[in-house]
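Heads up, the next two complexes both have chain A, just with different partners, chain B and then chain C.
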Partner chain A sequence: MPELGRAALVVTLGLSLYAVVAGAYAARYRRRRLALSAQNALLGAFGATLVASALLLAALVRNDFSFVYAAAHTSRDLPTGYTISAFWGGQEGSLLLWLLILTGYAATAVLLNRRSARDIVVWVVPVLGGVAVFFAFLLVAVASPFATQAAPLDGRGLNPSLQNPYMMAHPPLLYLGFVGLTVPFAFAVGAMLARRSDERWIVATRRWTLVAWTSLGIGQLLGAHWAYEEVGWGGYYAWDPVENAALMPWLAATAFLHSVMIQEKRGMLKVWNVLLVLLAFSLSLFGTFLTRSGIVSSIHSFTQSSIGPWFLAFICIVVLGSLALLFARLPLLRAQTRLESLVSREATFLYNNLLLVALTLTILWGVAYPILHELVYGEQRLVGQGYYNFFVRVFGLPLLLLMGIGPLVAWRRASLRGLALTFAWPLGVAVATGLLLLPFGAGSSIPGLIAYSFAAFVLASIALEFARGTRARRALSGGSWPRAFSDLVARNRRRYGGYVVHAAVVLLAIGVAGSSAYDTVSERQLARGEALAVGDYRLTYERLEEREAANATEVRAHLRVERDGEELGTVAAGKNAYAAERQVTNEVGIRSDLATGEDLFVIAEQVNADGTVYFRVFVKPLVNLIWLAGLVFLLGAVVALWPDAREQRRLAVRYARAGVAQET
Partner chain B sequence: MARPQTAGPRGRRSPARLVIALSVAATLAVFLLYTSIAGGGTPMIQPSELDGRTERVSLAGHVVGSPRGDAHAAGLRFQLRDIRGGKTERVSVLYKGSVPDLFRTGRDIVVDGRLRNGTFVAVPGTLITKCPSKYAPEPSES
Partner chain C sequence: MTAALVLGALLAAAAVLLVALPYLREPRAPDDTLEQPGELERRQLELAEARDRALAALKELEFDHRTGKVSDEDYRALVGPLRREAAAALRALEPRAEVDARVRNRV
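After this line comes the complex of A and B, so read on.
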């Protein structure tokens, strides 16, 4: 079996290489049959990778410990669900998953577009093939998931902190996002290679970018939720390099999603869009490099591995190659129109882009600083969380505000007088919110107060947009209000889906501000019967219980919770001791108040032999809005992604026009 | 940062260029201001490099010997040596605050603090274990 797996990967490598060489030759010398065979080679590469993945999965599920990978990441008593997630529990499997998603995406993208955008797709094939060659090469020559050994009696098991439903979804979603950014990148490069300056590469990959961006976003929120519930230090994001590795491409992709609208509507920012997609893709490669090379000190410090230098070299080739190509194609990418006014929809998009890119680059600087400092001075220096917190406020708060301004500003040129009228309502709501919150102690954190006021501003402007649109719709076609509302959204999925996503970001901002700027903490050692007060809560430590579970010993301290004298039931916090993996994990107790979005977060830091427990307790206001934001985000993304016949027709027209333009 | 092509077909200057130039300048200004006030981060060093330095540092080391004491009372005491390289210098660490689950003898950790009278006094709550790998369990210690 392992031989078959290795062979399948070699076949993938061969087919991808063929797609590169034959594809490029066919595109250059316009050989249609050869181009078709290169496309089919990509489809074949997906098939071969699928075979390899199925073999690895089978080995994991069957506990075949003659596979080094299975022995290192599973054990006999590991539940089956987690043997599946062990697929991406290690480096080799992660790379294989990456290749699987990549070839799958490539095959689908080629199949979907090979008729409508043939002139571009012929060049997209060798680009996608090139990326696949890199990953297939790593899997064949550097980090094979099919290494074998004399089977040991039992495997080493999966890291207990990964034995969690979140970890079954979080890594694959991140990979779907990371790898998904390859498709728009390949189309951008393909369009440049084909000397096409029209917007088809953007239109054809809009959904790909959206899917990738949505999975990255949801994947990160799941990761944050996992950290909140499982890692149990009381937070959900620590600006760790590995977390930043996923955040940076997401921010770059967010900028890209906005700026492509300018190119579609106004034919501007062509070079900028290519740069953004290049930035997003190379950041996703850089993210993998960071997590896998162990070059930066991180909480996650992965095993030092041999694939780091390969990644670095590949990133250099990608960045330098694309920049050189972009430079050569500059004359083609002239804008058709220019920015007419600094107060216009285009301009707010431009500000949004600048802020997002500035935020991305400052995070990148924070991540790269230790490496650069070591190169120059021979000693690593770390930037603290203060650095990131500072810049996320400096760039993030204006971004939040822009989210409320942008949608209400007219295209091309907006009059200041009109703006004053438009913004009267949202502005009033924002100021009122700020003033109303002051008596509740929100003034203790100025950035928090600003965030709340801005959030109110954005929500008000989104509500205004929906209300105005619905009213106009109803005036046009009559009918009931709900009917007009659903009509409105259905006719403009992209726009209103976008607003829903904006609302999600606002919820996220409120949740983050509430839980970080206004939280309370208290810690103490308690004997049975003793109590601790935190915020309005009073917790009494009642009893300690020990229980043998399938693969761990669970110790739980039970506490009775009261708030202002009202009984709220009990909360349990403790530790699990995993025998096979010889590891202890913290199991925090969380009591969520769904009415206020507030969490009571209990950590049993230390369980002593005499039954006393050292507790650390947080009260985190509004933290549940962060998770709610995830659901709203998903809803908005689905609305924007939903197939739209009208849009398909517009697309066909655009394609036809581009086709005509190309022929003449 | 490259500029988007916003010059019109007639080649007139676009206000976008001004905006971009100004925002790049503003970003740089904020950035320089921040780094000059907050300083350039904390040095990340190993026990053998500590050698009398008394400024605040992040110390990365390998836990040796058996940790003693209570992190939530008088303090947890343990010793660190270099993670890589053959150096054998050890430094005693005094730590208070929460101790991560993964902390134990033989693990690699990072802790912030400064050297006082030969003991590295840690900033409470800064102890972080460097998990051998988030994704791979530690090598079996047979």
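After this line comes the complex of A and C, so read on.
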């Protein structure tokens, strides 16, 4: 039923447009019923988008190739899981997913906050509606997923590199993150339009930002794991513009999550926080623009892209419009207090913010430079990995260190004598770690050695925070140590959840440093029975096998693996040939040693007709810590996100007493 | 095709019904003005935020001192101004509390 799909999207567009016009009128002229009507329009827009999405999904699952989108992204022999993930495998489906998540978030955010922040929510509705209008317009007029044709016998299938379990979760998580940043943006703009400088927009959007940030973080890690397994070049992050597209808003949101605490604790950085929210949302739009407009491959494909110019125009409107509004509201956003000392918790947060924003803008320049160069000189000039690696060390290592310093410094100010006492243990652990690692060859990479020492410092400071906090809690309320520990975390979930996230970042840093600074590689062509040595491993090429899978022909070269004379089993690497998609992909072989976190990573670069195979083999120390970091990150995020009944009661009392909350 | 058109029309009708709902529920509302916090409520909210901020800072300082993160010297330097800040925030909110108490007594 493509007609119904098109009709549903037209309804979404109409409702979103109504939310903008009616919502803005109601907010400006204080019309109660009209404001409720505009809020209902947003709820309706979600319902209509849900209908459109269900119809597209049904067309994909039923292999209805009369839908151009289904024919372009699925085939009859595509496994069902990938048929479903084809929903976001192409441009039109991705945009529909954006709209679905956006309208869903918008409806939920409005429903949850229309009592406590009703004077802000009336302005949030037209802002959210405005973003929805843009995406609904693209789907109705520019890139419809419901275009039809005379049905071919079979579809063209899904890009083989997307036929990977990680790709079933990676794009939706990224979209949950990209779109999630719309909510804090809408509340920040709504608060400015309503001329409110209190903290309600921050309270209302704290969890949304955390959810978006967590989704983006986990989505990126899954994407990195996909690249590691599927792209088959031996790495997990290549500073590709599409990868950077997700990293930039994540970094901006990370900065916001830190600086917002300064506003909550000290009433400072109001303008900066709004700026960070605008930056994070604009970068999430820019990220979608990068991945969807074709501008990454060249300016020419951008100009030929159906959605590229629309996106660029929308980004310009968002950036210029929100900056103009911020400028107009500057007097309202004046700070209530000033930074008392450069040695204080808020100062370390400020340094952290400056470094995060500097890193974000550096990456943005690396992404934009080839595009601008092509625009001016007519030819692309690529920014190499060296550029990014240099700035990651320049900004990333101090950031890592600050993660350890921040928790140890008190708010407002700290004396140097007090700091010396607090820092003694973590500093000792860091120096001891560095010295201990030297005999193991860690000195071969100075940045690697520094990263490990800093990582030890951060882990020691986190452990110290938990230990001291638990001891103090036990002294205050008695009871057992586990009870004191759980009380400690429950009383300040955001702080201790944040520490767990910091531990995840440390694991990530150790994994990245280990696998990139200390990896070993060996490559050569082997005939059956020949062996190759890499690090402590010896791999013997045993046999070549071919088999027919559901939608591909799989060729695998099997190698026997030995380490220091001990046989460890086999590893298989090869290629898949996809008939419907007419593509061949590299299928790497990975043998993980979970005890050491090390991977043996095998690429069958070339499989020759005479049975010889050209292998490239990596030994990647500690790489599995990167994936473990994802689990720890998720744990920390869940702790920070867990509802705090005590805080909710406190806020309810605050709003009720101030007379800003609507009676239930 | 016909079924799709009928379903499409139904969807559009449902959308119209949804946005018209506030007017259908209250065709003649005695007061259609959107209630918004006035200057007094906004000031009260700002004061309540300042009070909560000061009290939270005081609580955090006490805890950090207890854990040993804040030295005795730093604690002594910080606790005075924080207490004064918290007291000022509480005093600023007091008139409203007194008014509330008077209102409650009258009722």
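The working rule: the second predicted complex is superposed on the first by the 646 of 664 C-alpha atoms of A that agree within 3 Å, B and C clash if a C-alpha of one lies under 4 Å from a C-alpha of the other, contacts with A are read in each partner's own complex, and residues count from 1 in each chain.
As a working rule, a contact is a pair of C-beta atoms (placed from the backbone, for glycine too) under 8 Å apart; a residue touches a chain by one contact, two chains touch by 3 or more.
Please read these numbers as outputs of a predicted model, since none were measured by experiment.
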### Which of chain B and chain C A:Q336 touches, first, second, both or neither
both
### Task
Pick one for A:S66: touches chain B only (first), chain C only (second), both, or neither.
neither
### Task
Determine, under the contact definition given at the top, whether A:L476 touches first (chain B), second (chain C), both, or neither.
second
### Query
Does chain B (first) or chain C (second) touch A:T570, or do both, or does neither?
neither
### Task
Check whether A:K265 is in contact with chain B, with chain C, with both or with neither, and answer first, second, both or neither.
second
### First (chain B), second (chain C), both or neither touched by A:S522
neither
### Query
Between chain B and chain C, which residues of chain A are contacted by each of them?
336
### Message
Going by the contact rule set out above, which residues of chain A touch chain C in the complex?
### Response
1-4, 7-8, 11, 14-15, 18, 22, 26-27, 30-38, 40-41, 43-44, 47-48, 51, 118-119, 122, 196-200, 264-267, 336, 408, 410-415, 417-418, 421-422, 465, 468-469, 471-472, 475-476, 650, 654-655, 657-660, 662
### Query
What does chain C use to touch chain A in their complex?
1, 3-5, 7-8, 11-12, 14-15, 18-23, 26, 29, 31-37, 40-42, 44-46, 48-50, 52-53, 56-57, 60-61, 63-64, 66-71, 73-74, 77-78, 82, 96
### Task
Under the touch definition given earlier, write down the residues of chain A that touch chain B in their complex.
72-73, 89-91, 94, 156-159, 161-162, 233, 242, 268-272, 275, 297-303, 330, 333-339, 341-342, 347, 350-351, 354, 357-358, 361-362, 369-370, 373, 379-384, 386-387, 390-391, 394, 523, 525, 575, 581, 583-586, 603, 605-606, 614, 616
### Message
So in the complex, the part of chain B that touches chain A is made up of which residues?
### Response
1-9, 12, 14-16, 19-20, 23, 27, 30-31, 34, 38, 40-45, 49, 58, 60, 70-73, 98-102, 108, 110, 128-137, 140
